[in-house]
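Letters A, B and C mark the chains in the order given here, with residues in each chain numbered from 1 onward.
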Amino acid sequence: MALVLQNIDLREDGIAHLDNVSLEFKRGRLYTILGRTLAGKTTLLRTIAGLQHPQRGSMELHGQDYLDIPVWKRSTAMVYQQFINYPHLSALANVMFPLKRAGMSRDKARRRARAVLAGVGLSGFENRRPGALSGGQQQRVALARALVKRADILLLDEPLVNLDYKLREQLREDFQNIFKGQDDAIVIYTTTEPAEAIQLGHEIIVMDEGRVIQQGNSLDVFNAPTTIRCAEVINDPPMNIFSGTIDKGHINLQGDVRLPLPSHLDQLSEGPYRFGLRAADLSINGEIESEVELSEISGSQTILHLRGGIGSFILYEEGVYQYAIGSTVNVSLNPDRIYGFSVQGDLVAAPAPMSKQWR
Amino acid sequence: MLKLNHKHFFLLPGLIVLVAIIIFPLLFTLRVSFSSWDVVKPGLDWIGGKNYVRLFEDMRFWEALSRLSLMAVGSVLIQYIIGFGLALLVWRDIILKRFVRVLFLVPMMTTPVIMSVIWRTILHESLGPANDIVQVLGFEPLNWLSTGGMAVLSVILVEVWQWTPFMFLLLLAGLLSLPDEPYMAAAIDGAGAFRTFFSVTFPLMAPISVGALLIRLIEASKLMETVYVLTSGGPGTATETSSYYIYIRGLRDYQIGYAASLSLTYLVIMIISLTIIAKVLTYKMARD
Amino acid sequence: MKTIYLALKYLAILLWTSFVALPFLWALTTSFKTANGVTGGATYIPWLQYKPSLEGWKVLVRTGGQGIDIVGPYISSAIVTLSASFLSLALGTLAAYGLSRFSYRLGFLKNSDITFFFISQRIMPPIVLAIPFFLMLQFLGLLDTIPGLILVYIALLLPIATWVMVDFFNNIPRQVDEMAMIDGCNPIGAFVRVILPNSLPGIAVAGLFCIIFGWNDFFFAFTLTFTKTQLLPVAVVALNSSVTPWWSLSASALVSVAPLVIIAFFVERFLSSGKMAGAIR
């Protein structure tokens, strides 16, 4: 029993929002769709909900055609990134709305709506209108309205993106419990943040420019992104990519940087390659001279945007440090964490999977 | 074949009604304009373009048109200048703000013909207060409605009374939505009130000014009711506007065919000249 | 300097206020006059300059064949204005919602063209439509009747209602209707259950505009009615002759514009709450 999409194409004004998308979603599982803004994530959700119509392709739910069913007859629920509620209804009436449309009696709908509102932590706010709630509370109402239907398909379109950091963390924790109660549903969750995708998802689908570029178990995708594009999308900050060659047991990068060939790359033949390295796998204790272009502090980490002979790259350092823009730092690369990509951008060799310490 | 679905439920009723009430009559008028339909011989015959030839030589029509242009442009410009001035006056806080604003709005809400009737009693040369006021100010009494030039000015006066509030309303809304930053910048530069107005306020208000001027010009180009009540187009034809002249030919003399050709010509001229004015104003604005 | 500026500012406001108030005050004082207060030249202050009388107001109600009938036209005007406003609002709201939410294609016409078609009707001078309307109503047998006037007024008011509402709907996020559809409403249900309840301020503004324009129309009321049906502006203008006593003329004028003065207060309310800016842009 599953939702199956095959060869879906959706174009608008000459732009391909979905380009030959084929996916299968199984019941009781949570899928996170990871991709940059405009990668086609929202369009995919809207197509599943029936709000947009593909020019080509098929969509079936439990073996039955789903494309010709109008929005209001599909069993879907959706949470938008904007906090969309019905402004003229109280929180309780908002949550009761879909139940009443489905023909449930008033009393029963009210009982169930109250229970779900309590479940998202909104007991005591039932009679407030959305305008009188905070952003986080509004999004909880929207979530409750989506959950209360017990729809076959639950769609969440970057539900946390417009919330502040603290609320986001808190709601993300809650999600894990909330989704546990949706055993029969297909849950599809889009995000631009790799950490969120990996933390939530059973399975990750990476999208870029309307195409699915990789899918699989979240850690597998993280550990072995099949293309450079995928490696960039699934890391935040994006994975650094350097051009270079392998010859005589060494990696030669631009700017005369020479590294010993690590064991996981030694089966590669000699020739030109592109090499990937996460920002966290560079450190400031080496001899590659680089100029600081930008320095930002995120939480307890320092993110440096650097430029040197090997190109532009990003370095991630634990702890909070101040660097003057234009100053010079000396950087080293961790050869054991280097990804090898072909010149065309396909993964040819990955380092050993990381242990669970990453979060 | 048109496939009907939910979305047509929304648009079609209104669209069909509008097309039925406007487009069909307009097409019918077009047909009528090629007929000699009048009180003697009502009905649709075909006389070709004779009506159009006649209107081309009908100086009374062209005079009415130029008179209309003068009165419309004149009154709209005066409304704009006064409306802008008033909006600037009440822009910043003043005492009795609410009361003053409501009072400034009232004229545009009230029925033009009815207020014109009142104005006619005000402008009455021996019994109205207008000449009392003029005399208190030390001038000779005026022939408000009985000489050509004064009658035109009287019509403009009443139009200004009626419609300045509309300019005021739009321009005030525009002023209230202006950003603060340019004013701080101007204050830092030490610009005086006068320079601040011409280098900051006026350019920022250009878009809404163009909008307000166009809307008022469109409305003013229909000018007729005020004229009908105040002067009946007189004295002579001194205040006769296009609409009023067509009204006389069509619904008073019952020369339906000729009036149809007049009204279509008038409509086309209006659309063309208003489009040119709109283009010129927006072009000027884009260049500034 | 500052004081002089302030003095000039309030002087200007005072001058304009007097100009605006002049016709109303003049009509008010005239309405209490009798022939003595009018025929000898302008008088202004009751008791001092003339003996006030309620004669002008009394004749507004026709009793026993005496006086001017203003009540009948008042009721006719109210019926025509309110019915046409209601119908225009209904049709205009639906059309505006459609134009704001769906994409249409009628031949080479797209949404923006159709919206322009609606709004562009405001450019049409009434006289251009007068002759065909006259013939159309004659053909339909609706000349000189209230239903005929309602029909014509819809042509006048529908563009206004559509114009205001398109702008209003464009400001309601599309996702709200989509959410309603996801929650089980078909497009019509989404409109009725979710969009309409959230559109009341816009409908109020559009309704006020319709009522003002409908109530104030003189031209069609004048050219399309004769004896059976008479609307208020026509009735008042009919008094516009040298024979009519000014006092009853003034009283009837004041009674006619009174509802509009009340509406002006509501419009100011919208103006200060910022809703107007959205509605007129």
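The rule is simple: a contact is a pair of C-beta atoms (placed from the backbone, for glycine too) under 8 Å apart; a residue touches a chain by one contact, two chains touch by 3 or more.
As the structure is a computational prediction, the values presented were derived from the model and not from experiment.
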Contact graph of the chains (line, ring, star, complete, other): line
Contact tally winner between B-C and A-C is B-C
Distance in whole angstrom between the CA centres of chain A and chain B is 58
Chain centres from averaged Cα atoms put chain B and chain C apart, in whole Å, by 16
Whole-Å distance, C-alpha centre of chain A to that of chain C, is 55
So chain C residues touching two or more other chains come to 186
Per the touch rule above, chain A residues touching chain C in the complex are 49, 51, 70-72, 74, 76-78, 80, 82, 84-88, 97-98, 101-102, 145, 149
Per the touch rule above, chain B residues touching chain C in the complex are 6-11, 13-15, 17-18, 21-22, 24-26, 28-29, 32, 82, 85-86, 89-90, 94, 98, 100-107, 109-115, 117-122, 126-129, 131-132, 161, 165, 169-170, 172-173, 176-177, 218-219, 221-222, 224-225, 229, 242-243, 246-247, 250-251, 256, 259-260, 263-264, 266-267, 270-271, 274
Chain C contacts chain B in the complex at 9-10, 12-13, 16-17, 19-24, 26-27, 30, 38-39, 41-42, 44, 91-92, 94-95, 97-99, 101-102, 104, 114, 117-118, 121-136, 151-152, 154-155, 158-159, 162, 186-188, 191, 212, 215-216, 218-219, 223, 232-233, 236-237, 239-240, 246, 249-250, 253, 256-257, 260-261, 263-265, 267-268, 271-272, 276-277, 280
Counting only contacts in the complex, chain C reaches chain A at residues 173, 175-176, 178-186, 189, 194, 197-198
